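Common to both upcoming complexes is chain A, partnered first by chain B, then by chain C.
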Partner chain A sequence: MRDDLLDPRAVLLHESAPDRDAAIRRCGRALVEVGAVAEPYVEAMLDRERTISTYVGEEVAIPHGTAASKEDVKRDAICVVRFPGGVDWDGERVTLCVGIAAKGDGHVPLLAELAEILLDPDRARTLREATQVSQIMKELT
Partner chain B sequence: MAQRTVTVASASGLHARPAKLFVQAAMKAEVPVTIRAGEKTVPAKSMLGVLSLGAVHGTEVTLEADGPGAEEALDTLAALLSRDLDAEDPAHA
Partner chain C sequence: MAGIDSKDIHKIIVACDAGMGSSVMLASTLKKQLKGTGVTVEHTPVDSIPADADVVLCHSGLAARARAAAPGKPLVAFQIFLGDPAVTKLVDAIKNGGTVDA
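What follows is the complex of A and B.
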């Protein structure tokens, strides 16, 4: 798997957000801060979420931009943002967001790996309850 | 056992929005449907299962189901996979 997709600086483990949109903005900002996307991408992530939920199960959502926002992606990257207090995601509880910036499909193997981890309840818990950046890096890269 | 083999047509592959639409359609099916890519077979109504296939644009997948309504269910799901769902994205402006 590509190991250049997740910058340890884009792993935030102790965030809180009053609602889904705030959580998505936090993820978007993490991607902006590591230079993966331009600012307008954050709004595109909100647009995407309004058309269809990116909740995937196991308290995890994978917010990402719309097809039209690919021009705002500078390089493929993901961010991992943990909300230990939980965020209401259209009725689902989300404690972990994996934000995605992707031009092509270079991030798909990583998504598949993430899904693989989440299908294993023990590994899913390790990911959701991680308190060290190194734990996330170890699971995902 | 009813079976359909189709190529994933959505530009972004079978994850994100196209995967969600596929899973939602599979949940409405009257029979359990499985989807296979390569060696891996997962329930079509499991979002995590479908994501774990890592199917990109052009990946060949096989749908399978058994029982009354299986043919119709597979027709619907196969038709969905062979459309570019990204091109029909309301947020695609």
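What follows is the complex of A and C.
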């Protein structure tokens, strides 16, 4: 696992958002702040979400950009943003977002791990209810 | 809807738009589930589905684009990225034999 993929500064555990778009913007900003993407990527994340929801189950969504927006990705990175109060995601409740920026395949092992976690309800709950950055890092990397 | 016999499935393509998110997750899950069956799973953008794909899997929101890009290819559309019944059926058919609607 590449250790620069998930910057601890991109793990935000106590966020709140009034709606889906605000939650996506928060994820996008986290990726901008760690230098993984350029600003326009955030709009691409919103565009992508309007086409097909990135909700993947177990109260988790994985917002990311479009194929065209890869030019705004500076390096493969993810962010983990938790919304303990929940966000209405086209009728689904989302409490955890894993925002993705990828140029290549560097993030694939991490997504594979996330899929494993989400298929195990107990591990999914642990991830959703994490209150320490170290717990998230331990589960995902 | 034509069916495809599961023993004719050697290569599954998970088609996606950006290829950086949900489809990657589905492809990795499928790879694991189909380990030992000899079936390969790859993910590609919806506009570049390879000719040797036996079945294309894609989100229902992308199905029209996938059909246009790969006319006549058996296609299984799904709604949920993890645990979709259509995908489960496909995996079961490959493991236990049978026909898949595609």
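To be clear about the criterion, the second predicted complex is superposed on the first by the 141 of 141 C-alpha atoms of A that agree within 3 Å, B and C clash if a C-alpha of one lies under 4 Å from a C-alpha of the other, contacts with A are read in each partner's own complex, and residues count from 1 in each chain.
We adopt the following convention: contacts are C-beta pairs under 8 Å (C-beta built on N, C-alpha and C of every residue); 3 or more make two chains touch, one makes a residue touch a chain.
What you are looking at is a predicted structure, and each value in this text was computed from that prediction instead of being measured.
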Room on chain A for both chain B and chain C (clash or fit): clash
Touching partner for A:Arg48 - first (chain B), second (chain C), both, neither: both
First, second, both or neither for A:Gly57, with chain B first and chain C second: both
Partner chain in contact with A:Ala22 - chain B first, chain C second, else both or neither: neither
Partner chain(s) touched by A:Ala67 [first = chain B, second = chain C, both, neither]: both
Where chain A meets both chain C and chain B, residue numbers: 48, 51-52, 54, 56-58, 62, 64, 66-67, 100, 102, 108, 111-112, 114-116, 118-119
Chain B-touching residues of chain A, taken from the complex the two chains share: 44, 47-48, 50-54, 56-58, 62, 64, 66-68, 100, 102, 105, 108-109, 111-112, 114-116, 118-119
Chain A-facing residues of chain C, complex: 17-22, 24-26, 28-29, 32, 45, 59, 61-62, 80-83
Chain C-touching residues of chain A, taken from the complex the two chains share: 48, 51-52, 54-58, 62-67, 69-70, 100-102, 107-108, 111-112, 114-116, 118-119
Chain B residues touching chain A - in the complex, by the definition given at the top: 11-13, 15-17, 20-21, 46-57, 86, 89-93
